[in-house]
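Structure below; questions to follow.
By written order: A, B, C and D. Residues from 1 in each chain.
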Amino acid sequence: MGLLDRLDDPYEGGGIILGKVEDLLNWGRSKSDWYLHFGLACCAIEFMAMNASHFDFMRFGTIPRTSPRQADFIMVTGTVTFKMADRIKILYEQMAEPKYVISVGSCSNCGGPYWEHGYHVLKGVDRIIPVDVYIPGCPPRPEAFEEGMMLLQKKISHQAIFNKRKRLESEV
Amino acid sequence: MENVNFLYDLLGKNVISVLLIVSLPLMFVLVYALIAILAELKVSAWIQERLGPMRTGPWGILQPIAEVVKLIQKEDITPDRSSKLLYNLAPFIIFTGAYAAFAVIPFSEYFVPAGINLGLFYIFAVGSISAIGIVMGGWASNNKYSLMGAMRSVAQLISYEIPAAMAVLSIVVLASTMNMQEINKIQSGWFWNWFIFGGPGTLAKLWVIPFTLGLGLIYFISSLAETNRVPFDIPEGESELVAGFHTEYSGMKFAMFFFAEYANMFVVAAVLTTIFLGGWNSPFGDFMQGPFWGVFWFVSKAFTVVLVQIWIRWTLPRFRVDQLMYIGWKVLLPLSFICFMAVSLYVMLK
Amino acid sequence: MLPNEIYDTLKTEFGDAVIEYNDQQPTDSFILIGADNLFDICHTLRDKDAFLFDYLMCLTAMDLGENVGVVYHLYSMTHKHRLVLKVTAPKTDPKIPSVEMIWRTADWHEREAFDLIGVNFEGHRNLIRILCPYDWEGHALRKDYVAPEYYHNMKVSY
Amino acid sequence: MSDIKRLDLEYSQLESDRMRINVGPQHPSTHGVLRLEVEVDGEIVTEVVPHLGYLHRCFEKHCEKMTYLQVIPYIDRLDYISAMNNEWPYVMALEKLMDIKVTDKVEYIRVIMAELNRIANHQIAVATFGLDAGAFTPFLFFFRDREYIIWILEKMSGARLLYNYFRVGGLAADVYPGFKEDCLNIVKQVRKTNAEVMDLLIYNKIFIQRSANVGILTPEVAINFACSGPVLRGSGVKFDLRKDEPYSIYDRFDFDIPVGTGEVGVVGDCWNRNMVRVNEMEQSCRIIEQAIAQMPDEGDVKALVPKRIKPPKGEVYMRAENPKGELGFYIVSNGTDKPERIKARGASFVNLSVIPEISKGYMFADLILILGSIDIVLGEVDR
């Protein structure tokens, strides 16, 4: 496993140096996000527009990767059907830790317009994989993508790496 | 070849100086790779009317550092059914192959890590090591895409080695040496003394200039193929083979492939610079000529070549595998033979 | 050629196999034919010089309650005329001859009809599900269809 | 000579293991969630088995449960790249069932909207085709232009991608001030970028080598498979519903039907299919210019229709020329405000079915290009 496990709580409290190291590691993870674009439906087209020159998704330091092994987060854009659900699970499991998920659009958030009669639509991708950021919309505007990306970066940059267990306990 | 290194002059020939000499190119490779990655991101963005990474440091210049910090933290996956030893060895072999070539690259009049007499020969010898690494990685991953990528890659590397070698051989004939430092020294003076313009000589060399220009072009095209760059990037052609031979690699091992690719780009650019573009010589005679300016000229020339590679990467579509073979064997190889003949004739008549 | 002329020609050729001609507005006028002779009739429609229906626009299967029906929308690229054919079969044994050999495009349309309505196309070379997963149960577009509660441990409807 | 012959024989008798590769459902260039099971002999494709249904969103089931107006948003989500074009045959079918005449102004706005959306669709199609060939930059050039078109459509309908703009008997909203100038500017911009991309991509030597003489679809096969749109026209068949069966007001415009000419390669190959799209953009520009000139300023954009759409009992099949090809809706009405059955005949669904036929014997990299040249949208394939 990566560096994360080995660094789990050697010293109490961590101290200034480890705190700064943690900031650095979080900074690296939050600023360099390679994504696996899991284009499923309409939202994928809007995401392509997001990648294009007007909005330029790569401003955030993201690079598209086609192999799940090299991706940091997976962007589920569109309706997840039952036929697809197993594959999404496999892909998510193939990704290397630490990994994140952005769920884009009403369909992958909750089933969207296919909620009521969609016998073949999974009602939300969060029923099979854990989701970090939800982007609402059908399809979301590129501005919504930007906000979602910034939310993910914010989330990553505040993550605990050292003394995780201890900090979680204190929160509880 | 004595005293080609300023460090030997400075520290004498002892363990420390040898270690320093070995580690200097390594430092250079790492720093260079970071710059090249940034350049790739930014140049591609500018070609496409975008901005590229903007939010990591001012104008995104810290982006490659963030990538490295991130890649260090990633989980290192070894697929369950892979051949573990080969799988783990492959990235190191590829990086070694790319890095070993730096041993003979003359950065300046007074700095070449190992001034051996068979420098060019050595570069071609170690350059082929990376092919072994690619095959190892592709086969050991136990992934069909990786396997196909590796097969294509090796076929491509082997076929393009020959025109590249012919191009280099012609220059060896012109210079009558395989020592890269010597080749540089021959090209000193104004830029028309560069081997791409026929090397130093009287006006009689005019008729050989088209052939040497052609040789430069042949070498450049072959070098694109050897480094798997567009339009010859079929081993990792995204649209069909997902990520080619490194589909299954993650974290630092993937970073090694990444670094090796950029290091390889620099190696071929450095060879092109050395044998065709005058190496560390100033283009303008004695103007800004000297050991320290030499580093400047050498690196800037090599970087220009790298930039051209990036430029081509974002402009052209990619070839198909059979077309690639066709170009290698039926176009570049005969052309390189013709140029070789012409250059040999010129040397005979001289 | 107008649909009623086609109906007359077919009636003389196939007799009772051609059941009914309907031209009540606003419905597109259609010809109802018996399932048994469907293949021969379609073959004639495609190859006879007066018809030359070489373009199958659409193939729709429907749940009609007691029966299932299949509707063929035909078009001729040379004569620029169109025709609607209808076939029905009882829902308990929904067997209809396949026209996949006549118009290759019917291949996927028939697979879809089999998948969603459950029409059994006889003579189709590869009649498997196309849209729903291969292990899906039931035919989704039937009026009495109830979605399963779980599929591969995932809840279907909430 | 005899030696060579014997060698050939032996070579053909050599047995090599064939590899089955799974392309998709998550693959960078299957244009969505298509899965192709490909059998390759080295690099040569010997068999392709498409597996669909990864985006089966139960469209037809939803139609039976919704009222007629509620169905329109779902229709947008069929071919989500050209939503305006999708809505058109549906509302035309209902208008035919209910015998409603729409005003001239509505017809002109519909034409302009549909043609703008056609340009946007073809831009994506050509761009992604270039992307499949490895050229990334034209992709972004086209997307830059598409953005301007999207802005017009957004100002008209309020949505960027899925418009829900056409209504039975009219439109959701009237044009905004300055609409005509915007359209004419777009036409200029589209022509400029097309000229640029011609140099960068279409007539690029490498691109021609890659896409010409690949994936040849003969007219007979194309008609037997009921292909339509640029796929059919790329094979040299001059068939366009806007000309051959003019619906709406297309008979008032002067435009050509571009067909595959075999200028490079042979008629029916990937390059010609792609070229048809590029030429169609120009034709759409011409239609827009004429429509802008002829469009009346006065007029209502909504006809008198009841709030609850209740068509009389009947069945109607209406088709229109979608950018992908012929999109048809077969609507069975039972006299209530909910349809009995709606079947969507998607062009992509039908066009995709020729893939196993035309990709055999080409190389693996060609398969990706053939798929790209057919220009499918999985929303329409799987519905």
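The rule is short, and it goes like this: a residue touches a chain if its C-beta (ideal position, glycine included) is under 8 Å from a C-beta of that chain, and two chains touch if they have at least 3 such contacts.
For clarity, every value in this text was computed on a predicted model and none was experimentally measured.
Visitor: Which of the two pairs, C-D or A-C, is linked by more C-beta contacts?
Guide: C-D
Visitor: How far is the middle of chain B from the middle of chain C, if each middle is the mean of its Cα atoms, in Å?
Guide: Here the centre of chain C sits 63 Å away from the centre of chain B.
Visitor: Report, in whole Å, the distance between the mean C-alpha point of chain C and the mean C-alpha point of chain D.
Guide: Centres of chain C and chain D (C-alpha means) sit 25 Å apart.
Visitor: Quick check: how many Å separate the C-alpha centres of chain B and chain D?
Guide: 44
Visitor: Would you please write down the residue numbers of chain D that are in contact with two or more other chains?
Guide: In chain D, 27-28, 53, 56, 58, 61, 140, 144 touch at least two other chains.
Visitor: Going by the touch rule set out above, which residues of chain B reach two or more other chains?
Guide: Expected reply: 48-50, 238, 242.
Visitor: Taking each residue of chain C in turn, which ones touch at least two of the other chains?
Guide: Expected reply: 131-133, 140.
Visitor: How are the chains arranged in terms of who touches whom: line, ring, star, complete or other?
Guide: other
Visitor: Okay, what are all the chain pairs that touch?
Guide: Those chain pairs which touch are A-B, A-C, A-D, B-D, C-D.
Visitor: Considering the complex alone, what residue numbers of chain C touch chain D?
Guide: 24-28, 30, 54-58, 60, 62-63, 71, 73, 77, 80, 84, 103-105, 107-108, 116, 129-133, 140-141
Visitor: Using the touch rule from the top, collect the residues of chain B that touch chain A in their complex.
Guide: Chain B reaches chain A through residues 41, 45, 48-56, 60, 62-63, 65-77, 238, 242-243, 246-251, 254.
Visitor: Chain C touches which residues of chain D in the complex?
Guide: 52-53, 56, 58, 60-61, 64, 96-97, 99, 221, 223-226, 237, 239, 244-245, 312, 314-317, 319, 326, 328, 330, 332, 340-341, 343, 345, 349-350, 353, 357, 382-383
Visitor: Within the complex, which stretch of chain B touches chain D?
Guide: Checking each residue of chain B against chain D gives 44, 47-50, 144-145, 148, 230-231, 233-234, 237-240, 242, 314-323.
Visitor: Using the touch definition from the top, list the residues of chain C that touch chain A in their complex.
Guide: Residues in contact with chain A: 131-133, 140, 145, 147, 151-152, 154-158.
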